[in-house]
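One chain, chain A, links the two complexes that follow: it is found with chain B in the first and with chain C in the second.
Here is the complex of A and B:
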């Protein structure tokens, strides 16, 4: 690799494509085409349904619940067609001349560019993050409602079905619309930069996978508006209960499909990008651990996500087409749902955790000014979790009535996962040891993550041991455990990542004092809210109930008050982000003095990331090694050769 | 204990690092370039491995012991449905009850079935839990070792009445249990009013409905003291209306209540019990007016 030619050095000449005028404004991709496209696709969906029902003689021919179910597929397609995610492919597939790539849909020159189909991974990364934070706030509000109802025994504000809807939508939004895509958003922004690549491998696919997300999110939120209320069967949505629920249930079945499709596309994109678009010299053993983490996560997504898609289709078929996958009266098998569901949803726990491990590794190494301790074992333990993660799903089913012999092997593999996870925790501690630690906000969240995740992991050992699990399964203990893992684990690392890369994304520095205030409010509020749940769970407080025995009243009131404080801490975060995005001091290219590639370019990075593809010459974590370099940018080749020599000797 | 120790070690290392290795604000130096230490890495792989293997073995042994029903257990058939529990004793002429009565100190083998969706049987004080799955019979072995009244809680989300799907497990001395068995047998064979009330309670009607005569106050389903008014609304004679609402609950759904919530399984009650229940509901709702 000697020189890299650029067809896009004159980016600015293409910056402003002629804006369409007159009628063309309605046919050009964009928000004006969305409404009438939705109407057209609504018509197609309703038309097909009515036609089929008329031909088959099913009465009534116009049946609202069936049409709604079909429209959950066609209306989002109408939106996507309107906004313009399919234009290029439709032209290509129909043999029409494709629009020559003028890069007008690439990169952001004004805030408007964030509200249309954009193929720049950095714009998509920001779109992802802003969208997911919106759903984070919505889901957080639902959690506040849940805690308000639980503040006292008996029924206060909601009826049972509404309450069940509140926690179901809360969990579904947090999992499918916040944690999973927020990590995808951070990785979207960072991974191509870290690899020394100009973009993702499939930029148009990348844009499509972003635009699928709001579909899924509004579908789940919108279920509150349909007759019968929101889906109310938890995010696990067990059959056969889910088969006989009001219409809102379909909004979950289909919402998961859209969110799942988005995740699968992004994961494929990451895999191809990581395998084929590494800069010269970027061997697998020189990749930053965040890239390793997203590589393993993407493998998990690609292998596991189709299983949840299948499980939700089966439930919907049982409901709409009168199949009997889960109906024992007609030869169905209810436990099959749980096996299929958890075959995705246990690996999903690692989909929601491994990218966080990657973020923690980046932040802890940079902020401690030391190389990652045991880099190769860190990467290998990710792979070990990937493999073991597929062999433990039935530990969610110890009390389900499944074949009893499955319990002990699943318990053994479950407990074994503690080993690679333990390796990671000990290695982070060893990385901090004797470092020169800068306790900035990202580092606080990373260290907070390590400590909270250890609690979540240890309560996981309790749950992994079958005899204890049998007692605490489906209690508040489980609620505590998953929040220590997903809040103390995933959310803390998402915050760490947002603060860490905020200067890179916006070019401005966030307010450090507010950042620290946010951390302490979150850390204290989080522990006050969720730690007591361990205790009341063991004592007999079940989960997913609006009403409970009076003896748990004191603790629940305490937890509710703490959770309102925790909710309020988000205001500090939002204020800091919005204010700093507009008025923060310029951050410079590399405020953390980090070695990985994304910090070697300007903040925010140029539209095509690097003027010239960098040459990677060493590990990304050589802090404290005299003369060591990770990569050479825009350097002369002699220097590169020299550095390669230095490494070999 | 081990878990607390592990957390203590991690927390201590973090606390020490925060105190000892904090860099002064203007310090731009790097830490020592330590890339790893093979011995340490092997240690913290090997020790946790040994620990979890030990935990797994102990758990497997405890699990095997918990599942052992012994040679002469008391058999109880547990039936779960939205949103009620009922228990029957095959060793005592299939006596049924709405709460679970157990004699002290004798091993009990529960056989659990569900008539509709998945439920889960849990008595926190027994430390045991088992899902009830439609189409399957699951088993649970318990040995009640203390006299008292404990809550039976459904812990698998089963629909809108999930939070109130509760009853009691009453552990009583063996003699008291025998006395209760005899009394229950007589109550079902007794005069219509008494038999009807027993059927009402034994089938868990009281977990969803209000009926003053039975002391029931739940609000998941319609108030049964208002049955005469509902019958008028449906345009049917009271006894026919009550009978139909039990065996085919979707035929008429009281305004303000969703369809498909009341289980359709009560049509399978023995005819004598069904008739007793209808007569009981008719007479007590009339008198309650």
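Here is the complex of A and C:
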């Protein structure tokens, strides 16, 4: 780990290093080194496994399921070594002189640079977003298959195990490969700019965290190809069930490890960047709320994610080493899995939501031309959610047979979370109140988010209450709730963020008509799909079951048709993004007339963000306040002194 | 002579905290590692307290004495690590090299002793939940010792190739912090698994 220290004497960073020729192309970092490195690392993994089994006298020496599990660790390492994420560290560790930083791996000068290890946070942000949207489409496709199967009672297209695989991979990809990393991608692009920093604190670590991600995704998708089919235990993968599943299960266990490692490293990077690299004058109470949101989220990730890593290790050990974590016959404790899993995965729902709160705050304040209402309370309520989020995990386990005395305390803390969340919702409403609202696409998505998230929050209160939860456990009501908070909540804010920063990322404006069309199709399709699930859920329509009673047939057909419409709305989004990236009208530096720092530079921003680190002089949200400034750029220090005076008086 | 600064180079980031970025980074990483151990200790809690598995489950025994000697070795290596860091802060390269080498060798001794212990302990991970938790907690710690040895190895190689000075010794300090963490974590594992 090295900080951004740049030795820029006598180095022309625009001169790319000489391209390797001949055989050297095979040993230089890049896609040509990937295939043979993967073969080498495959050999290492298989060799170690065979050696250990031979030494211990276990038969057969070559066992497919064990080899596969080991290879899911070593093959990704081979890929990473091939593409070149470790080159600097290997040189460092062997004490070789590290090359002076020539910035050749920093910034994109052509589209090819997006397919290389790049240390520029803006390039990494775009890499993240494009990758996550790919997995979003894949996971959405799986949801279409699920709805096709559920369109009629009885078995249509898939057998039970395949159906379970479909919704398991759908949820895992959406959570681990779309929502969490899409927020990380947006924040990667925006946070250093907002802070007035030239890059993240650890650019090489940042590149490594990105490249871990596609592997986790392809691992989960690839589980469809192994004997026995994809992992089929839901995204929660409860033990002991998961211990006795076919081989595909390991692809979930290991995929989560890789995605989790990526997410921990990014979070660590955000925390260090936010703490040590703020521009002069950027106190904590002058940080934009998006930065606050990512600060809190990163704390959650660093503290909670190791628990899901632990839970997946236990399942894998039970499978591979025949340990007995969850086997009561040998002294194990089956509920341990759920406790450990939810100790991560409840905070994880805030990991999937808090950055969205940040995006909504930015968009709503800018588009309403008003300062954000209750700025400090908005920041503090994020911290309150962080703390409370660790005290509610067992509300996922009311029907699991856990200690009954845990129920009521967990119910109380769960309901308590409605308080900080309520503060945020009312602050957004108060921000919009009497504002000059510009209903552009990002604002539509942000407002859509507030309204849908309130519905999801209300059904969350129902589910937090023990008696109702017992009644609707494992029904479509839970499916409705999770989609109102994750689709209506997280996904809407991701769309808001993508539309809002699209001009900054590409330098071009998206098509507003298509954007609005996309919003309305999504909003209507979403409600038609998921609202009826509340109704049939309360009546007892089960979730995670391919077949159901004929009395739910009409609603299910309706939901399936609506969901296909919802799926089709994505085409509008894709068309708009691709077309506008290529042909959209130039957007200019600050199309939204926003105050935060990322809008004060050109679109797309210069390779090193700022010519000179800006001086921050005020709040980022003083819209409509005469003479208010957030920051002064390009060294007009006299102006800074004046503004500091104005602020003090 | 004025230093020529390239006009297009990146501006130096403003330092908004007295804490150094890499030191803060390693502490956050350790926080995350503590939580990973926390997950394993939660499993320990469920097996030993909630499920009431006898500890150690008869007829097995834990080599408390041998592991105690091993503990002493690891604790001593923390002191030599500290000595290495203090040496380089005073530009004493010989002290740095000796300290790092001793630390590395003691760490290696610890790891090899533990592998030997595994081979002679008389039970395998599959022999009930007690064995499971024993192997997983000590194994998780062993993996951390291995990672610590890799970091120390890199620091040692660099020290012998003439890197580091009183001005620049992050490359010693950061593996050192990690090594102290591994050491403290072992004391927790030893007291909960072997002694309690």
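By our rule, the second predicted complex is superposed on the first by the 634 of 649 C-alpha atoms of A that agree within 3 Å, B and C clash if a C-alpha of one lies under 4 Å from a C-alpha of the other, contacts with A are read in each partner's own complex, and residues count from 1 in each chain.
Keep in mind that, in the parts below, a contact is a pair of C-beta atoms (placed from the backbone, for glycine too) under 8 Å apart; a residue touches a chain by one contact, two chains touch by 3 or more.
Quick caveat, the model's predicted, so the values are computed rather than measured.
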| item | value |
| --- | --- |
| Touching partner for A:335 - first (chain B), second (chain C), both, neither | both |
| First (chain B), second (chain C), both or neither touched by A:466 | first |
| Contacts of A:304 with chain B and chain C, given as first, second, both or neither | second |
| Touched partner set for A:585, first chain B, second chain C, both or neither | neither |
| First (chain B), second (chain C), both or neither touched by A:278 | second |
| Chain B versus chain C, judged by how many residues of chain A each one touches | B |
| Contacts of A:47 with chain B and chain C, given as first, second, both or neither | neither |
| Partner chain in contact with A:418 - chain B first, chain C second, else both or neither | first |
| Contacts on chain A seen with chain B and repeated with chain C across the two complexes | 328, 332-333, 335 |
| Residues of chain B defined as touching chain A within the complex | 3, 6-7, 10-11, 13-14, 17-18, 21-23, 27-37, 40-41, 44-45, 48-49, 52-53, 55-56, 58-60, 62-63, 66-67, 116-118, 120, 122, 124-125, 127-136, 138, 151, 153-164, 220, 258, 260 |
| Residues of chain A touching chain C in the complex | 1-4, 6, 8-14, 92-95, 103, 196-199, 201-202, 264, 268-269, 271-272, 275-280, 282, 302-307, 309-311, 313-314, 317, 321-325, 327-328, 330-333, 335-336, 339-340, 343, 607-613 |
| Touching residues on chain C, where the partner in the complex is chain A | 3-6, 8-17, 19-22, 24-26, 28-29, 31-33, 35-36, 38-40, 42-43, 46-47, 50-51, 53, 57, 125-126, 128-133, 135-136, 150, 153-154, 157-158, 160-161, 163, 171, 174 |
| Residues on chain A engaged by chain B in the complex (per definition of touch) | 159-161, 163-164, 228, 232-234, 238, 240-241, 244-246, 328-329, 332-335, 368-371, 373-377, 399-401, 404, 407-408, 411-412, 415-416, 418-419, 422-423, 425-427, 429-430, 432-439, 447, 450-451, 454-455, 458, 461-462, 465-468, 470-471, 473-475, 539-540, 542-549, 593, 622-625 |
